[in-house]
Structure formats: structure tokens, C-alpha cells
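The following blocks contain the structures, represented as C-alpha cells.
In the two complexes that follow, subunit A is the common piece, with subunit B as its partner first and subunit C second.
And then the complex of A and B:
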């Protein structure tokens, strides 16, 4: 079941009423029940796997916390009798014990995740029969593993109620698609008793409408074309392949960020603020900037839990700083690729990002000298150039995930030069009545939708510049008239749900 | 504190760390630079930086914030 299902939306309305009319102490248990129900609809095996993960993580976090409390008590008790070196040695020994438990917890969780991912990969090439779809498993694994690491680091207090921990792990708005929330950011909001805040509720509804618009008017429409273009990928090389890559970028943004808008909007309606996941990613000026704007919670997760610990790890200390940065970057991006799936396209996608980041990092001093030397680099024209350059670069990197076929993607890149087919591409529109699986009118709707998406990026700081009520009413009307659901198309799963 | 200011001025010669505050002046230290900064601090102050603090921007808003963190870590 996706956010687009009428059952989901009907259930959501009932839940809003119950949430704000039942006694306030019933609020978080109600959200947990709803989340378990939502997850159970994805399959009992998936629900069981999730509950096992939460139970194991709960036990390990509680044990680490007990060790930490005992450690603090011991240090406090012997403060005067211990030298600084003795204290350090004692703390280090205790830390090792706790680290052992942390590693056991992470291994347990990631083994389960790896088994599911490898199973999916084997099913894709028909070595084993298609397996159960563990929807959203990566998202909750990353949330719960982040929680375990934070407890180990002493950044957060352990959650003593396993049911509350379960709610943090699978709170249904973000259970299947993200954002990958951190415990310290959302736990209070999830568990506090709340009165209805009508202003926040209204903004939540607006955010949901905005998400539905992106997904149903733009995303689903472009998906039809994408499915057509990748059904016979060999036919569409040169300019055709480049066009496919552009459509893919627009589709992915509409689909993924739209689903996240709905997630964030639903959470807001329950009075819960969760993290933002996108901040106008296509306005990025370089690849570093891009990854601070696209799938932000994934980027910060890998930065905080993989990149930073690895780059300052003891076994890395003998290397020069630049080597440390490059090794940590390569490992982080390889892991990010694998997180998306055990497949070459994801690995090459991850490593491509890593390589571009490493090259950009090496060229940084050169860029800085260039920017100081030439004043035109401070003009708006140059900023536009930087934005277009970054957009094109990321469009190419993103292309690996279109066809799930790395050699084919490289052949398409080569065809930009060897066989660009400019003439054939522009003639295509005159010679065909349906363009790449969509009628011209459908393309017009999609293009206008994209224009609206770009023109209304107010979800950052511009709280005062929010569109008036008439805009929202019009948008609802547009969704009913032009939304793919309204036209009777099959409901589609979100692309990013598969992770 | 002087030792820290000296280090920061070496890494960022264009920035005046006596007055710099990321909350008003905008972020300066991104993830890759963070590794550089932490490595230098570890070497010069003979302390170990736990990775847990590296993701928390409040420790790196200003020279004073970094100094407070160094003092805390020296005490541990």
C-alpha cells in the first residue's frame, strides 16, 4: 500500500480524529499501532524481521547503557585515588567492552540487511525464486543502527521502553521511504503529548498536497515515458539517451522528493517535525553542494557513521590527511552504492560519486586560486554556469540507475560523441504522434508541472512567502484533473520504496 | 586558545577567527575539511577526538566553541 491508496488516505483521516480526541497518553501507542498495522500490510515476514531487529537492538542498547552507568559510577567513586593515566586506561577498557556489544548489534542487523539485499540480487538474475519484499528495510535498519551507535557514543539516553523504540523505528510516515531520521531529532516529538496546532496541521496538509502534485502529476507521467524509453534501450542512443537521462532526473526528483513531502506533511499533521531531505538540489553549484541538498538524511548518516569514524580511526593515523580523506571517501561511497542494492550499477554509481568528489577535492586549491584571480567568477552568469555544469555531471552519474546495465550506460555515454543523432532526435517529434510513450499534451502537463516545481521552492526559510489558500485549492483541482490516479492509471510504487 | 587560533589561521588564512561565528557568517568547515582540522588538533594538542562530536555543528561554530571542546576532551 502506498500513500496514494484511498484506503491509506481514509485510514489517515480516521487516525487524525482519534489522535486528537483520545486521551493524550494514548497518542504514541496509537501511532505505534497504526505503524505496525501499516507495516503488517507489507507482509507478516517483513513485520517479524523488523520486530526481531528492534528487540535485538533494544537488548544491546540497554546492556551498553548499563555498562556505561557502571563505568561512570566507578570513575566517580575512585576519582581521587586514580591517576589520569589509570582513569584513561580504565575508560578505554570499558569502551572496548561496549564496542564489542555495538559491533555484535551492527553485525546482526546488517547481516539481516545483507541477506535480504543478496537475496534480491539473486532473485533478479533468477538464481533463486523471487523472495518476500522487505519493504523499507534499509530505512529502518539505518535508523536503528544510528540509534545503537549514538547510545554507544553517549550522545543520547537509552530508550527503556521497547515499544517506544519500535515507534521511532517504524513510525509509518517515514517507515518505507525516509527521511532517515535520527533518534535525538524526533524522539521527543514522537513521544510527547500534543494538542492540535492548527497552523502546523494546515502546513502539513499543504505539504502533502505539494507532494501529491509532484508524484501524481509529474512523477507518474514521466515514469510512463521512462518505462517506454528503457524497454528498448538499444534504440535510444546519442541525443535520445541524453534525453532519457534528463527525464530520469526529473522523474526521480518528482517521485522521491514528492513522497518525502507527503511523509513530512503527514508527520506535521500529527504535530511531529521530521528532518528535511531535499533543499532545491538542482541549484547546487558543485557536487559537495549537491549532496548537501539531495537525500540529505542519507548523506549525513553516511558522513557521521561511516566517513568521520573511518577518517579518524586509529589504524588510519599513519597516513597523510589527504590519503585518509580519499580512503574514507571511497569506502563511504562504495557503501552508499551497496546500500541501494547488490548490483554493479549501484556500485558504479556510488564509486562515480566518490571519484568526482576526490578529484574535486584535489582541484579545490586550483579553483580557489582561479576564483580569486578572475572577478567574473563572482557574477550571476558564472553561478548559472556552475549550476548547469553540476546538473549535467550529476545527470550522467545518475544514469547508471536507469537501465541497471553498466556497459550499456557507458555505450550511451560514448554515443554522445560517436553517434549523437541530433537530426534524428529533432525529426522524431515531427514524425511521431506519441513521443516516447506520452502524447504531446501529456508532455505539456509534465513540463508545466516541472516549471511549477522549480518556481515554488518555498519549503526552506521562506515561511512568510507561502502561497495563498487559492493556490492550494487550485493545486488540489490540478491533482484531480491531471493526476495519473485520476486518469485511472495503475497505482505505482515509489522508486525509492524498494530500498 | 592562542595555539588553536594559530592553527585555524594556518588552515583558513582569509578568516578572522577572533570574530568568526558560523551561525551568522555561514558554514566554513565542511566534512572533508573537518578531517583535516581534527587531525591537526589531535597532533598539536595530543588528544583523541571521538568521531561522535564531528557531526555536531555546535562544537564548531566558532574558535571559542572548538576550544571548549578541546578543554573537555583534555579532561577526559
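And then the complex of A and C:
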């Protein structure tokens, strides 16, 4: 079941009513039941795998917590009898035990994730039969592993109720597609008793409408064209391939950020604020800025749990700082690629990001000198140039995900120079009545939709001047008229639901 | 207070705009396929019909209500649609009973041959239900008629189905935003031209001559409904050459009619007045005007004999006046079609009643 289903929306309305009318102590159990039901609809095997993950993680977190408490008690009890060195040695030994349990937990969870990812990869090339679709597994694995690491680091208190931990792991609005929430950010909001906050509820509804607009009016419309363009990728090289990459970028943003808007909006309606995942990514001025704006929760997860720990790991200390950072960057982006799937296109995509980031880091002093020396770098024109440059760079990197075929993508890059087909590209529009699978009027709607989508940086205006209710009513009408749904339209899942 | 007012205003705006957009985007069925307007046409009549005729093109092209009235005094209305299946017919009957209780129902049983909703049946479902007033029986029948791709919600809010028509809007959508022109005379669709039947393929042998359970269930439902309301149910098969009506099927219907004491008129075997060289406009599938009038003249006396509830109602001033008006339109339509046939040999422009009357 996806968010774009009358059954889902109908069920959601019933759930809102129950949530705010039942006794408040029933709120989080109700959300858990709904989340389990939602997940069960994706398949019992997927639900079972998720429950096993939660159970194992719960056990390990509790055990780590017990070890921590015992350690503190032991140190307190023998404060006078232990020397400083003895205490240090004892603490280190206890930490090692806890780390052992943490590694066991992470290994268990990531083995399951790896098995699923490798299975999917093998099924894609027909080596094994198609697997059960473990929907949202990458997202909940990261949530629960983040939780384990935070418990180990002592950043959060262990959750003693396994059901509450299960709710944090699979809260249905973010179960399938993110954001990858952190326990300390959402636990209180998820588990506390709440009275209805009409202002927040209204903003949640508006956020959902905005998401539906992005997904149904822009995303699904562009997907038709994408499917057409990648059905015969050999035909569309040069400018055609570049056009495909641009459309892909717009589609991916509309689809993913739209789904996240719906997800965040639903959570807000339950009085729960979850993390933002997008902040106008197409306004980024460089790749660092871009990754602070696109799929933020994934980026910060890898930063906090892979990049930072790796940079300060003991075995890395023998290297100079720059080498350490580059190694950590390469590993982080390699794992980011693998997180998306065990496929060459994802690995190359991840490493491309890593390489660009490393080069940018090396060139940073040069840029700073350049910026200091030339005052035009502070003008709006230069800012626009930087935005366009970053956009084009990321458009090329993103291209690896279009065809799931690395050599083909490189051939398309080469064709920009060897066979750009400028004339053929512009003639195409005059010679065809349907342009890349969409009628000209459909392109007009898509273009207007993209313009609106990029021009309205939702989150910034949220707390300030918000559009009046009539704007939202009109937007719902626009979705009803121009949305892609209904008979004849083959509804597909969100792109990011496959991860 | 200001916020509540603004929300209320937005709600009113949304409902009004939704209704207007839905009305704009729904097909008007005022030109091809104009048959989609037949269902709604019923609500324009004055609901004083002794006989309701239910079925597919086997009835709406083949029986002339004006002849039934003028020559036999039977006020009748045809509730037919293209490819109207048995469960569609049940929907028509249930919908009719929400507005009037006729004395008799003449039901075309040809659709018994279709066992389940066809995979490509969505356009026909829409033509049957788009014009029907929303009611629980309607929704129940929609549920039984839907193809797997359809959704019930799209029958409650047709915008969900027709929203993508925004690219196809034309002058007709604006012209008929508020009003609709008639497309039939009491459900009768006139075709005065002739397209003789040519070679008719021999009937194919079927592995199984059983009717589908869904169609049989709908027939039993209609039997129960008519019995409950004290309505005489009469079964009817039009004299079409195609699709072939197998003897095995006919035997089943004869048996069913005997079991339940129902009159059954099979025009294929009961009459030899139809000549498919002259009395058809589409090669033997349906009758043209001459054929329909001939068949009606043959059917009507049989009806009077076999359905005692049907009496000659001529002489009632209100009915006379109403039918006089319909007969005038009927003749004008006929004249327009005959004039066009004389000029072009076929009926194109005057196939629409409004074109003929304009």
C-alpha cells in the first residue's frame, strides 16, 4: 500500500479520529498497531524480518545498558579500593564488552540487510528467483542501528519497552521511505500523550497536500517520460541523454521530496515532528551544500555513524589528517552507494560523489583565495553560476541511477562531445506530436509544476507567512485535475521505496 | 473566528469548484457516442410508463415507443444502453423503481450470453452509470459491473475518472455545461437508413452452452424484484442475425420462462416480417426504423394478449398531449433522416435528434 491510495487516506482519517478521541494512554499503542498493520500489508515475511531486527536490537541495547549500569555501580562501590589505573583498565574492559555487543548487534542487522540487498541484486540478474520485497528495510535498519550506537555512546537512555522501540522503528509515515529519524529527535514526540494542536494539524495537512502535488502532478507525469526515454536508451544519446538526465533530476526530487512531505505531514497531524529531509537542494552552491540539503537524514547518518567515527578511529591515527579525511570520505560514500543497492551503478554513484567531494576539499584553499581576490564572487550572478554549476554536476552524477548501467552512462557522457545531436534534438520537437512519451500540454503542466516546486521553498515560509486556506483548496483541486492517477495510469511505487 | 471563516470559505470554494470542474470534464455524450446520454434521458420523461423496455441496442434500436402508443395505446420507455449486460439491466430496473412502478417490464435476454464483465467493458459501464442518479442500488450494481481496474469512488466522483479529459475539452463541453439535448425519443434511437446484411458467418460451436452465473443471478434478481412489485416480466429476444443466438440458449430461456410462468417472445422464430436486406442499418445486427416499426406492430398485439396489465390508454388527455408532442418530434426526426438519405444514401448528421430538430 502506498500513500497514494484511497484506502490509505480513508484509513488515515479513521486513525486521526481514534487517535484524538481514545484515552491518551492509548495513543502510542494505536500508532504501533497501525504501523504493524501498514507493514503487514507489505508482506508477512517483511514484518517478521522487521520484528526479529527489533527484538535482537532491543535485547542487545538492554544488555549494553545493564553492563553500563553494572560498570558504574562497580566503580562507585570500589571507588576507594581501586587505583586510578585499575579503574581505567576496568572501564576499558567493560567498554570493550559493550563494544562487542554493539558490533554483534550491528553485524546481525547489517548481515540481514546485506543478505536482502545481495539477494535483490542476484534476483535482478536472474541468478536466484525473485525475493520477497523487504520494504523499507534500509530505513528501519539505519534507524535501529543508529539507536544501538547512541545507546553505546551513552547519548540516549535505553528504551525499556520493546513495543515502544518497535514503534520508533516502524512508525508508518516514515516506515517505507524515511526520513531516517534519530531516536532522541522523535522518541518523546512519538511516545508522549498529546492533545490535538489544530495549528500543527493544519500545517500537517498542508504539508501532505504539497507532497501530493509534487508526486502526482510532477513526479508521476515525468516518470512516464523517463520510462519512455530509458526504454530505448541507445536511441537517446548526446543532447537527448542530457535532457533525460535533467528530467530524471526533476522527477527524483518531485517523487522523493513529495513522498517525504507526505510522510512529515502525516506525522505532524499526529502531533509528531520528524526531521526535514530536503531544503531546496537545487539552490545548493557546491556539493557540500547540496548534501546538506538533499536526503539530509541519510547524509547526517553516514556523517555521524561512519565518517566521524572512522576519522577518529585509533587505526587511522597514524595517517596525516588529510589522508584520514579522504579515506573516511571514500569509505563513507562507498557505503552510501552500497546502502542504495548492491549494484555497480550505485557504487559508482557513491564513489563519484566521494571523488568530487575529495577534489573540492583539496581545492578549497584555492577557492578561498580566489573568492578573496575577486569581488565578483560575492555577486548574485556568481551565486547563480555556482548554483547552476552544482546543479549540472549533480545531474551528471545522478545519471548513474537512470539506466542501472554504468558503461551505458559513460557512453552517454562521451556522446555529449562525440555525438551531441544538437540539431536532431531541436528538430525532434517539430517532427513529433508527442515529445518523449508526453503530449506538449503535459510538458507544460510538468514545467509549471517544476517551477512552482522550486520557487516555493516550503519549509522556510512554514512558520512565517503561510498561504491562506483557499490556496490549499485550489491546490487540492489542481491535484484532482492534473494529478496522474486513475484508470489507464499504471501507478508505481515511489522510487526511494525500493531501498 | 477569522481563521474559521477562511477555512469555511475555502471549503465552499473547493466544493463549488470541484462540482463545476467535474461537470465540465465529464463527457457530455452529445455526439458520438451519444448513447451514453440515454440513461439520463429517462429522468426527463414524466414517469408515466406502463411498459419499461430494458436491454441493449437490441431494444433501443428495435422497438418504437411511438408506434406502441399511437397504434396500441401503450405508454412505454426504453431503458437501454450499448452492450447493456444483465446486471446493468438490473440496475436500470432498480433505478426505474425508485421513480415509478410500471405495469410490465419487457426484458431483452440477449445479454445472458455474456457471463462476466468483459475486460474492456469500462466504457460501457460508464455509459450505463454516468447518467444514473446516485443511489445505493446503483452503487451495488456498479460494484458488480466494474472491471478490475475501475474504482467505485470514480462513480461517486466521476472527476476521478475523467480528470485527464482536460486536454480533450472542446466546444461541446462548454455548450452542454448546463443543459443536455435529447438524443432519443423515450429511449428509442432512430436509424432510417439501410445497410443490408451480407455474408453471415455460420455459428461457432461452443464447448459449453451454459450461461454465466452472474448473468443468471441478475435475471433471478429481476424476477424477484418484479414479483415483489407486482410487475409482469416479459422476456424478449430481438431478431438480430449477429451475435448468433444458439438454440441451446433459447431452450434454456424457454425452460426458465415456463418454470416461472413468464411470457417469452423470441422474434427470431416468432416473426418472418423482418427482412434483413431492408430492415437493418448495420448488416443485421440491429433494425432500422422500418424494421423497428414492423417488429413493434408484430410485438404489440402479442404483448396485449400475453400481458393483461397492459391496456390501451389512448383517450387520456394528458397522455395524448404528451405523446402527440413526442410523435411530432419522431416524425421530424424521420423526415430529416429520410432527407439526408435521399441526398447522401446514409444517415450521418441527422443521427442526432437535436440536429434533426434544429
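Rule of thumb we're sticking to: the second predicted complex is superposed on the first by the 489 of 499 C-alpha atoms of A that agree within 3 Å, B and C clash if a C-alpha of one lies under 4 Å from a C-alpha of the other, contacts with A are read in each partner's own complex, and residues count from 1 in each chain.
Everything below uses one rule, namely that a residue touches a chain if its C-beta (ideal position, glycine included) is under 8 Å from a C-beta of that chain, and two chains touch if they have at least 3 such contacts.
Predicted model, so just to flag it, every value in this text is computed and none were measured.
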After aligning the two structures on subunit A, examine subunit B and subunit C and state clash or fit.
fit
Touched partner set for A:482, first subunit B, second subunit C, both or neither:
second
C-alpha centroid angle, subunit C to subunit B via subunit A, nearest 10°
160
Under the stated touch criterion, which partner chain does A:232 make contact with: subunit B (first), subunit C (second), both, or neither?
neither
Kindly classify A:81 by the partners it touches after superposition: subunit B alone (first), subunit C alone (second), both, or neither?
neither
Considering only C-alpha atoms, give the closest distance between subunit B and subunit C in the superposition, rounded to the nearest Å.
34
Do any residues of subunit A touch both subunit B and subunit C, and if so, which are they?
none
Subunit C touches which residues of subunit A in the complex?
6, 439, 441-442, 468-470, 472-474, 476-477, 480-483, 485-489
Spell out the residues on subunit A that touch subunit B in their complex, using ranges where they run on.
88, 91, 150, 153-155, 288, 300, 303-304, 307-309, 311-312, 321, 324-325, 328-329, 361
Sort out for me which residues of subunit C touch subunit A in the complex.
3, 6-7, 9-11, 13-14, 17-18, 21, 25, 122, 149-151, 153-154, 159-161, 163-164, 166-167
Touching residues (chain side subunit B, partner subunit A) in the complex:
30-32, 34-36, 38-40, 42, 49-52, 54-55, 76
